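Pasting a structure below so you can have a look.
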Amino acid sequence: MTQTTTQTTKRKLKTPKTYMQGEPLSPWRELVYEVIFEADTFAGKCFDVGLMIAIIGSVIAVMLDSVETIGRVYRQWFFYIEWFFTILFTVEYILRLMCVRKPWLYAKSFFGLVDLLSILPSYVALFFTGAQSMMVIRGLRVLRIFRIFKLGEYLGEAHSLIRAMRASRAKIAVFLYTVFIFVVIFGSAMYLIEGAENGFTSIPKSVYWAIVTLTTVGYGDMAPHTDLGQMIASAVMIMGYAIIAVPTGIYSAELAREYNREVTNTACRNCGEEGHDPDAVYCKYCGALLHPE
Amino acid sequence: MTQTTTQTTKRKLKTPKTYMQGEPLSPWRELVYEVIFEADTFAGKCFDVGLMIAIIGSVIAVMLDSVETIGRVYRQWFFYIEWFFTILFTVEYILRLMCVRKPWLYAKSFFGLVDLLSILPSYVALFFTGAQSMMVIRGLRVLRIFRIFKLGEYLGEAHSLIRAMRASRAKIAVFLYTVFIFVVIFGSAMYLIEGAENGFTSIPKSVYWAIVTLTTVGYGDMAPHTDLGQMIASAVMIMGYAIIAVPTGIYSAELAREYNREVTNTACRNCGEEGHDPDAVYCKYCGALLHPE
Amino acid sequence: MTQTTTQTTKRKLKTPKTYMQGEPLSPWRELVYEVIFEADTFAGKCFDVGLMIAIIGSVIAVMLDSVETIGRVYRQWFFYIEWFFTILFTVEYILRLMCVRKPWLYAKSFFGLVDLLSILPSYVALFFTGAQSMMVIRGLRVLRIFRIFKLGEYLGEAHSLIRAMRASRAKIAVFLYTVFIFVVIFGSAMYLIEGAENGFTSIPKSVYWAIVTLTTVGYGDMAPHTDLGQMIASAVMIMGYAIIAVPTGIYSAELAREYNREVTNTACRNCGEEGHDPDAVYCKYCGALLHPE
Amino acid sequence: MTQTTTQTTKRKLKTPKTYMQGEPLSPWRELVYEVIFEADTFAGKCFDVGLMIAIIGSVIAVMLDSVETIGRVYRQWFFYIEWFFTILFTVEYILRLMCVRKPWLYAKSFFGLVDLLSILPSYVALFFTGAQSMMVIRGLRVLRIFRIFKLGEYLGEAHSLIRAMRASRAKIAVFLYTVFIFVVIFGSAMYLIEGAENGFTSIPKSVYWAIVTLTTVGYGDMAPHTDLGQMIASAVMIMGYAIIAVPTGIYSAELAREYNREVTNTACRNCGEEGHDPDAVYCKYCGALLHPE
């Protein structure tokens, strides 16, 4: 979804040069910056793990809060927990803004917006306390679950996956485009054949059925009842079953190419041969050290 | 999402040599031809984008028209919209026919037929206005959704996808043939075991169930109730789960081969054939030197 | 499922050397043999196509016969059709037995048994005409659908598919074995958690549910209702979703290896280099003819 | 189906050096050890096959016992069978403990625990015979089915499968992590949109629905009813249909790499490391010549 180049991946994402370039910051901002944005120091690692636990904790709290039987009994507790996490994330947000050189740039970035949205609902809910706006508040309270997006920044490791996905983007788009044409055609056909009396009340609903069928989900809330409808449904299913091969094939082939590229990036400085495995220490052709420093 | 620039793919599709060969056309037909069939000029690109928007717009109109609650209220509006698009596509169809050298050849081509079918239903509906033929008209009105096929011509990018599909055609056919034999066998077996009292009222219906199960769609409108039936269903499911590997494997392997081949676009200067391996020195079809200098 | 080596695949299957070895047959048996077992002559091809149509026709007849509304009205017609096909296949079976050198060997082969079983039900049904044995007869009548197995012999083209399948057999077995252990474990766990009141009435039924879920079929006739049950079900689903990669990966890798082997089978007689594409006429390294005769 | 001969895989699993190292055992313990832990001798093979039959037999017994109609009628028989297998596995467990050099190490190993857990439930059930604890006993009786884990040790052949799985572990984790974020997001969105009146009573339940949909299982016990809900559901389905390509692609590419590597089992004579490419001349880990003659 997001990332970049080497091992310090996610850190670099949040600190593009624009945030830190120019004259040095004051010592304490430097320190806070290191703790919050870098993961190299011990304090930085502690902060990362602590924040991750806080995110997951707050997400679990929102989930349990939504369960009728739990939410009613422990209402008071959830109220305290909500504000604990809200204040925690607010402090974190303010610190982040303060220690970067260009706060506005950070505030506009994807994770800056996620940080803001993860604290906003609680504050806004303060102003809608009338009994008539219960639903709005519930909606706002649920929105806090989007804090889970904050976990996104822990997604390292995904280098080759994302590169292969980006490389096959155009082909996947063609695939989805074809799928889109087919579900519209088959949905309309089923609307004509089955009709409203069998649950196919409109074309959009029939297209929804075609998607449910082609993707092999098959809820069963809408199912063909006429003979002709069942024949067409069979065709859609077998088609869905066969064309699932297409994105898989695209992605497999792309990833295999990606892997090959990974292997052949290092050249031996002694004999110049390439094609060394990622874990190789010595050149397999001449026995020289691959990374001599 | 769609459009590609590379080789002029789709244009070639619509203008095989037969349409344009021979003596030059009159200047204005030449101009119309360029705007409608080519995408190189600015006017041509505008036309393409405009037509695409019109197609999608008309498809959305037909879809919304079919929704009971919307269709009843805005009946008049949908009537106007329908005729606006019908006239637009009629003009486009006539222009296409006029500016190609062999109109009949174009009219018989796939996209020629699609163009005709996308305007025909509206005109035919004019002659069936009696109250008794409401269903026919509804059917005709819905048929207009097949205009979405007109989008097909924007499918560039699909070169290697389609080539790999064509290359694996025979193997996919064998696969579908085997699947067909299995669903008939298992469907008949379930008809005998479960019988009409559990919903397996006939062999065709049981075969339909077998397809629903093998493709892992699983509506649940028919499900085995006897112990033996559930054992056989389990076998069908695991089989379906395992053999989905077959088309995927075929297509992946074919696409990987296609990717490897992609590297060389070299055409032999002797016979003009393409598809030579990167390390090829001589043309594999005629034996001539590939790079004679 | 079955086959062998080169282009005359399926023919060779039915005529292993044991059938034809030794002294020559009488001329008319030789002729019948050629028509029935070989596909090289015009008569042989006609016979093949005719037989294929007859098989499909008889299968469709059995299927339609089972549909209540059709079967009752056209009972007489289906009776005639059944006996027409029965006599046709009987004649074919007798001819096959007569023109091979070792009838007993043929009768015991897979397709020999299929041929016999496709005519037997009709004859056996003659002796069970009492009203009390209607169900047995229905069963016998339905068994005729297994004639579809006779189509199996038209499965050529499947060379590399079957070879790749055979090569990955051991790995697929390990995979199914693991799946088997998991569905038993998860099924039993759900039996304990959900219990009979939620439809999980016994361990075999719960194992059936686990198979339905792991293979992503999901009928919905049994679904978890307790919170813990839904958590375990989620684990099963995600596991099923992730491990479908295993057979696909196995088969893709095996097929890719198969494809590579296909490519490198021909060596140039001039320079000795291998790795020519299947459609190559000239050696791509030295330009010599690959198959000089 | 199972057993392999090649490298003594599973044997090595159960007899790491710690079990057998040091001074020789007494002759009869040596003999028992060979029969139980090794599969090379005739007696050892007989023991393996016998144990496998016993495991499968006991698992089938537990499964049938749970079927109401069978379990009630043959209660006495199942009681005898249960104790027969319990005593058999107890003897086996004691013998295993006696003939290894470090019983405690074996008892703590995975298969040591499985062996213990497969006999424990029966013994514990002896002490809970009061009528009020029927459910506990049923639970204990069902737990015996976990004996199926004892089959795990027959899983040889799985070398390259497991190695490829381990190599792609990090990537699969990233994939599952992303899936987890998405199902929480989409589940919460559906909770807001559909609400309790359409069955989406809480966020955890809605997340359960998102998992059911994304994995294309689709029970149909919860399905969207509002238009917006069906649109989001369509997005989830198509996403699920497209991203199933990711684990498959990862695993295929990894397995293909594994296959290529399989060719060479050469170990370096200097450092003992394996996994060298077929064309390697020097060890890639220590730089020593691989074939020094």
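In order of appearance the chains are A, B, C and D, and numbering begins at 1 in each one.
Here is the rule we use: a contact is a pair of C-beta atoms (placed from the backbone, for glycine too) under 8 Å apart; a residue touches a chain by one contact, two chains touch by 3 or more.
Computed from a predicted model, the values in this text were never measured in an experiment.
Enquirer: Touching both subunit C and subunit D, which chains are there?
Expert: A chain counts here if it touches both subunit C and subunit D, which gives A, B.
Enquirer: With contacts defined as at the top, give the pair, A-D or A-C, that has more of them.
Expert: A-D
Enquirer: With touch defined as above, tell me whether subunit A and subunit B contact each other through largely the same residue numbers, more than half shared, or through different ones.
Expert: Because under half of the interface numbers appear in both copies, subunit B and subunit A meet with different residues.
Enquirer: Where the CA atoms of subunit A average out and where those of subunit C average out, how many Å apart are those spots?
Expert: 43
Enquirer: Hey, how far is the Cα centre of subunit A from the one of subunit B, in Å?
Expert: From the centre of subunit A to the centre of subunit B is 32 Å.
Enquirer: Rounded to a whole Å, what is the gap between the Cα centroids of subunit A and subunit D?
Expert: 30
Enquirer: Please list all residues of subunit A that touch 2 or more other chains.
Expert: 175, 204, 216-220, 240, 244, 248, 250, 252, 254, 256
Enquirer: Would you identify the shape of the chain contact graph, picking one of line, ring, star, complete or other?
Expert: Per interface graph, the chains form a complete graph.
Enquirer: In the complex formed with subunit C, which residues of subunit B make contact?
Expert: Residues in contact with subunit C: 170-171, 173-175, 177-178, 181, 184-185, 188, 191-192, 196, 201-204, 207, 213, 216-220, 223, 227, 230-231, 233-234, 237-238, 240-242, 244-246, 248-250, 252-254, 256-257, 275-277, 279-289.
Enquirer: Give every residue of subunit A touching subunit C within the complex, in rising order.
Expert: 216-220, 248, 252
Enquirer: Considering only the defined contacts, which subunit C positions touch subunit B in the complex?
Expert: Listed in rising order, the residues of subunit C that touch subunit B are 1, 59, 62-64, 66-68, 139, 142, 145-146, 148-149, 151-152, 155, 157-158, 160-161, 164-165, 172, 175-176, 179, 204-205, 208, 211-212, 214-221, 244, 247-248, 250-252, 254-256, 258-259, 275-277, 279-289.
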